[in-house]
Amino acid sequence: MQTQIEALLAVSTSLLQRFHATRKRTVSLAKPLSEEDCCVQSMPDASPIKWHMAHTTWFFETFILEHFEKGFRPYHQAFRVLFNSYYNGVGEKHPRAQRGVLTRPSTDEVLAYRHNVDARIGLLLEGLVRDGASETSQTVARLVELGVQHEQQHQELMMTDVKHLLAQNPLFPAYVPEPEHRAEKVSAAAWIPVDAGVVEIGHDGAGFCFDNELPRHRQFVEAFSLASRLVTNGEYAAFIADGGYRNPTLWLSEGWDWVQREKLAAPIYWHRNETGAWQEYALGGLKSLDMHAPLMHISYFEADAYAHWAGARLPTEFEWEAAVRQSGLTQVFGVAWQWTSSGYAPYPGFVAAEGAIGEYNGKFMVNQYVLRGSSCVTPDGHARFSYRNFFPASARWQFSGVRLAKSLQ
Amino acid sequence: MQTQIEALLAVSTSLLQRFHATRKRTVSLAKPLSEEDCCVQSMPDASPIKWHMAHTTWFFETFILEHFEKGFRPYHQAFRVLFNSYYNGVGEKHPRAQRGVLTRPSTDEVLAYRHNVDARIGLLLEGLVRDGASETSQTVARLVELGVQHEQQHQELMMTDVKHLLAQNPLFPAYVPEPEHRAEKVSAAAWIPVDAGVVEIGHDGAGFCFDNELPRHRQFVEAFSLASRLVTNGEYAAFIADGGYRNPTLWLSEGWDWVQREKLAAPIYWHRNETGAWQEYALGGLKSLDMHAPLMHISYFEADAYAHWAGARLPTEFEWEAAVRQSGLTQVFGVAWQWTSSGYAPYPGFVAAEGAIGEYNGKFMVNQYVLRGSSCVTPDGHARFSYRNFFPASARWQFSGVRLAKSLQ
Amino acid sequence: MQTQIEALLAVSTSLLQRFHATRKRTVSLAKPLSEEDCCVQSMPDASPIKWHMAHTTWFFETFILEHFEKGFRPYHQAFRVLFNSYYNGVGEKHPRAQRGVLTRPSTDEVLAYRHNVDARIGLLLEGLVRDGASETSQTVARLVELGVQHEQQHQELMMTDVKHLLAQNPLFPAYVPEPEHRAEKVSAAAWIPVDAGVVEIGHDGAGFCFDNELPRHRQFVEAFSLASRLVTNGEYAAFIADGGYRNPTLWLSEGWDWVQREKLAAPIYWHRNETGAWQEYALGGLKSLDMHAPLMHISYFEADAYAHWAGARLPTEFEWEAAVRQSGLTQVFGVAWQWTSSGYAPYPGFVAAEGAIGEYNGKFMVNQYVLRGSSCVTPDGHARFSYRNFFPASARWQFSGVRLAKSLQ
Amino acid sequence: MQTQIEALLAVSTSLLQRFHATRKRTVSLAKPLSEEDCCVQSMPDASPIKWHMAHTTWFFETFILEHFEKGFRPYHQAFRVLFNSYYNGVGEKHPRAQRGVLTRPSTDEVLAYRHNVDARIGLLLEGLVRDGASETSQTVARLVELGVQHEQQHQELMMTDVKHLLAQNPLFPAYVPEPEHRAEKVSAAAWIPVDAGVVEIGHDGAGFCFDNELPRHRQFVEAFSLASRLVTNGEYAAFIADGGYRNPTLWLSEGWDWVQREKLAAPIYWHRNETGAWQEYALGGLKSLDMHAPLMHISYFEADAYAHWAGARLPTEFEWEAAVRQSGLTQVFGVAWQWTSSGYAPYPGFVAAEGAIGEYNGKFMVNQYVLRGSSCVTPDGHARFSYRNFFPASARWQFSGVRLAKSLQ
């Protein structure tokens, strides 16, 4: 018994430390930005930095304090609506496309909100340790863990959203001097073969995972091979030079309509300078395109068209997961999310959590595609083999790239 | 050798007969309609009946006569563009949403076009029989078969499109007195269990199939059970009565946005009469809703929300195919297409045909969901276990229904 | 007294004759068209020919028979809604953009509706003559006159709408061989001066006019001069050749946005042939552009930009009316409607009629511009000095042209 | 000669003082706002406060310094595009709807830009005084005057735009405690009659005016009467209570479509509290509606519908100008702009200035309606009898109200 309490104590202490570290990191990500940078919303799909800082706090207040803090009083009545992202079970929501009009509360007021909730979560966790290994303790610990993971997801979104915002500005301001991953000069990709067979897919039980990674179950994959590395900027530039954006036979029908409607001819952050040479807007500002660096900020439509042009295809998420558990692949994590051809769907036996928290993942399982791996702006410790990121086929503002696959037969 | 020629002769004769029978059936489907009914386009997703009649003819002219008829001359220069549906490889296309402005050519002119192409295809096929079992003969026979199957698909679309058109008219005119399937009084659905295991999916080699049914390959399905029959109108009416269209927690997020935006409260062809009782527009006109009949004209979003409400889910297309090869299911074919939760994607090893004909299926494999089975307006002989129909998640004008599934564990 | 009755008799007989002649002309305008041509709606602003034929009949039924026929029974209950154009006072309306889905009633059924209402109006008018010069007689006579004038307006719209429909067809079918006005070779326009002064504007009391032409009132016009003839196709072609559609400084700001958004580079029915020479779609089909013919099918935005380029301006409607009462102008009537710079607004003291008929004109007096004169498709006897036609600034499918003005000072 | 120089000196000194005073006032208007408030754009029609501060500076730099400063160098190359509002003659423009993404330059950087240009304009004006009464001196003085007037217009827009921004925030933050005009308890409006006759319209030559107020010319107005005061909130509340927003027969057709599409039931800043009582968002925050205060923030459509309901109409701009030169009216200036029924059109003989500055007014003369008077947020000294403000018929975010008129006959 003593041991059990000590174990819990250790877990809680570690959790509390990670809670505070994660909370601190969010604030530090906003440090290089002005109050204006933190307030503006550059498109409906992106959110203001200040909103991210408030919403992640709302998450802890709404799903933990409101249920487990004695004598709970909301920090601010209006915040319950203002910073609710999409939880219908919680009640009304401020419209997503209008997040940028919230010039008030100010960043300072949001920071004060953060500090208040941080302190209260701290007290709650400490109290739970004193109470021992109750069911409530475990529920709260699980929810704090979820809140930490949730906030890490928003840390990545802060980077994608601020990049999109600054990229709209003709002055191309830098976020920080040199934040993005740069690859070494690369040689040709190798094709890593994987045999046909039944594979286990999904989280295997150790440590945290989201509900969409469960249940672990079986899939059959036919023999295939996967590229050892990601597609590079130089390879994609060759696709463009070959008329890739002007040839409808390379594209999915809906992708071609999108290219025509949006008048696209290159990835979202690529620009040509006066001499026609490629430049790329990165978090460090506008710079000449590194042809050896992995391609990023690519939509599913573009990824699929490129694969078609290259005589290959995108892997399914099951192929990806099966392959990365083997050796031979590089750039699996920490570089760019990798589009798969798998529609985002529930695993067999998937059960969403009870209540509003059950809206976390399940209700988005339509018309989105799974990305695997992680990116250069994913927080440390947030990646794993079974992780399922997902975005619509036209999304380009994420740090998303391409790993090619081929069927073997 | 003699035998081989005789076999070919038999096949060709049978093909020619089916060709003419199919072509004749298309024209007979338009018989109950006025020239105006045949010309108007009720929405961009639907096409005019006259356009269907011309496009199916264009298919034979463009993919067969143009390549294999000696001294080929197009029937009408402009038809190449006017009646091209979506084949970028063939060249320009008349815009899809503008098909309804083609008051010319008249229906009679389109029928003349049909007769001309019918006769030329007939001559071509007869000539090929005389030439023996050449590679060309086989290619042409394959393409004629494809054209026949293609025309059968359009026969179903003619029914869905004319139903949509007539349903827009406040007079609710009937197409014909009693064309739709009516179910007997039904008892509760049974849950038919299927064991976990590796299953073979896709066409097995005998007879015609579309490229999207290939290659036959393996999938693993975990244990599940499938409802023995389709969901009925009465069951869906209970979902509505229980506030189904007003409860966001039942819906996929995008589905809920769609319900709100379109202000939906019932299936597309359901109306309430003055006393509040449900009526349904059918090809025979407006009539009171048959509560025992299978539910039809349901979008994926509605199907998913209903399944959620009913404590079940939609099957994957692999589960569906695995189950129907077992015994125990009713209403598999000839009633209503059955939505699956499977995004429409290529099977492992999928290869599209060379040239423009390769645009037939592959380029639509994004943001669509697979439906299995067949409907009451699917032509005889057009259904099979491996058949994959597909539509976007919001499509409601097809004869689409719901068969529920449950995971077993 | 005797004389009064005889006068009324004469008037009524004349009215009845004109009623029947007008009704017959409407049907004859549809003669060259197929049932499909009569049913399709090419854009929300245009209506199907069949709808025009039904709506003009609805007008007589709703505003006359319903109020003055003894034992009135509607011809068809649903027609009251189906063929109501925009009279909120009458009740519900079939949505304007959905007029083209009404494949039923058929053209024959609409013709039967016309014959029925024609006969009943005939009986009513004859009965009124027998009753003598009652107030009711005079009211009915006034309403029949209004219905005749209303139908003449729709006769012009039938020509504009069928031209628009057939022009959408890549086959460019002709309505009839040579229906449009063709001008002689023209010499340079003269500038006809008009002195400053108070002028009387509006209908002067003799014969029929619409309510928007009343009350006759005074306006002051400063000295100006008006071009003796309309702008020609050749003059407008010079504007295009000089970069007219690419130079924002020539355009009203909203006009330039419209040009950019719609990617415009020429009038709506102009096309270049393979050699780059201008062709024009006319009711007789596609033909080479007559450079001496008056320019037609021009929006207000285009008219204004052309005038700017030509160092002139558009006249106000008061200038136009003042000038045409002087001598010196040609092409005033029967060629092309002439855009004025006058927003469509009520004359001082304007009073709309009581009841639903009061919606005829007044409620459209915003964001539209007045056109004066008449066109080559205006029915004989429908034009007068005080007539005010009106359309939004972007409308191009009317037979609208340009007469230039200049201030004198 | 001495006198002439002294006169010029006096004028220039006065101009320089007004220049600096106006420039200072702009900055002081932004004082109560945070940097976030100054950066965000709440809708495409509104601009950020920071943008207003930069654009008014750009105006002086582009139209004066660039042409008249020796050795001119642009302050920042990119500002020429970023802060160009709509002058095609100057070159490219940052898209209007994207003004809110400009988180950089910061407010401080914009203030530095302002100081720089202020100093240079000061030096230029002082130099011109030394040079004597040259033509250049007079041109520059005219342009500085125009720039001052232009900046005053933007001062009003800053108030309208910041009010719109803060009103989107569910917290309803106040700009300052009590900035808006509040009327005394009012008695019934009197009808002030004006006789028919020729009137002089437009600026009469003394002092500054915009080009759209010229040339002074004659108009004839028929006898009419004008309400002595503006419509009150209480009167408009009665219109609402009487079903004003639900009765199509009161509205212009396009206005009714707008009401339906936007689902409107009250003025833009009116809200009902929990008990159903009216509240109004004002620059001082949300407060209960003052029924005696003049109605504001009304679109032309609403103004016209209200007038219709009240048995009156809107005046023309000529009637308005004729009446205010007589005695008897109150609330002419400094309360709310007054919609007129006059489309915004050039006066006879109107000539726009040469070059890009000619785009100031003329190109907006379509589909807008003239408002006369001035509002509670119009800068002192900016109003005059001949002033013509103009907005589209659906614009509601301006301080616009209603003065009724009636024809007399």
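A, B, C and D label the chains in the order they appear, each numbered from 1.
The rule is simple: a contact is a pair of C-beta atoms (placed from the backbone, for glycine too) under 8 Å apart; a residue touches a chain by one contact, two chains touch by 3 or more.
Computed from a predicted model, the values in this text were never measured in an experiment.
Engineer: Which neighbours does subunit C have in common with subunit D?
Structural biologist: none
Engineer: What's the rotation angle, in degrees and to the nearest 5, for a C-alpha fit of subunit A onto subunit C?
Structural biologist: For the C-alpha superposition of subunit A onto subunit C, the angle is 180 degrees.
Engineer: Could you work out how far the Cα centre of subunit B sits from that of subunit D, in whole Å?
Structural biologist: 59
Engineer: Determine the centre-to-centre distance between subunit A and subunit D, using the mean Cα coordinates as centres, and give it in whole Å.
Structural biologist: Result: the chain centres lie 46 Å from each other.
Engineer: What are the residues of subunit C that contact at least two other chains?
Structural biologist: Within subunit C, no residue touches at least two other chains.
Engineer: Taking touching chains as linked, do they make an open path (line), a single closed cycle (ring), a hub with spokes (star), an all-linked set (complete), or other?
Structural biologist: ring
Engineer: Name the touching chain pairs, please: which are they?
Structural biologist: So, checking each combination of chains, I get A-B, A-D, B-C, C-D as the touching pairs.
Engineer: Spell out the residues on subunit D that touch subunit C in their complex, using ranges where they run on.
Structural biologist: Residues in contact with subunit C: 86, 88-89, 196, 198, 215, 217-222, 224, 248-249, 251-256, 300-301, 304, 313, 316, 341-343, 345-346, 348-349, 359, 363-367, 393, 407, 409.
Engineer: Spell out the residues on subunit C that touch subunit B in their complex, using ranges where they run on.
Structural biologist: Counting only subunit C, the residues touching subunit B are 34-40, 42, 78, 81-82, 94, 98, 100-107, 165-166, 168-171, 173.
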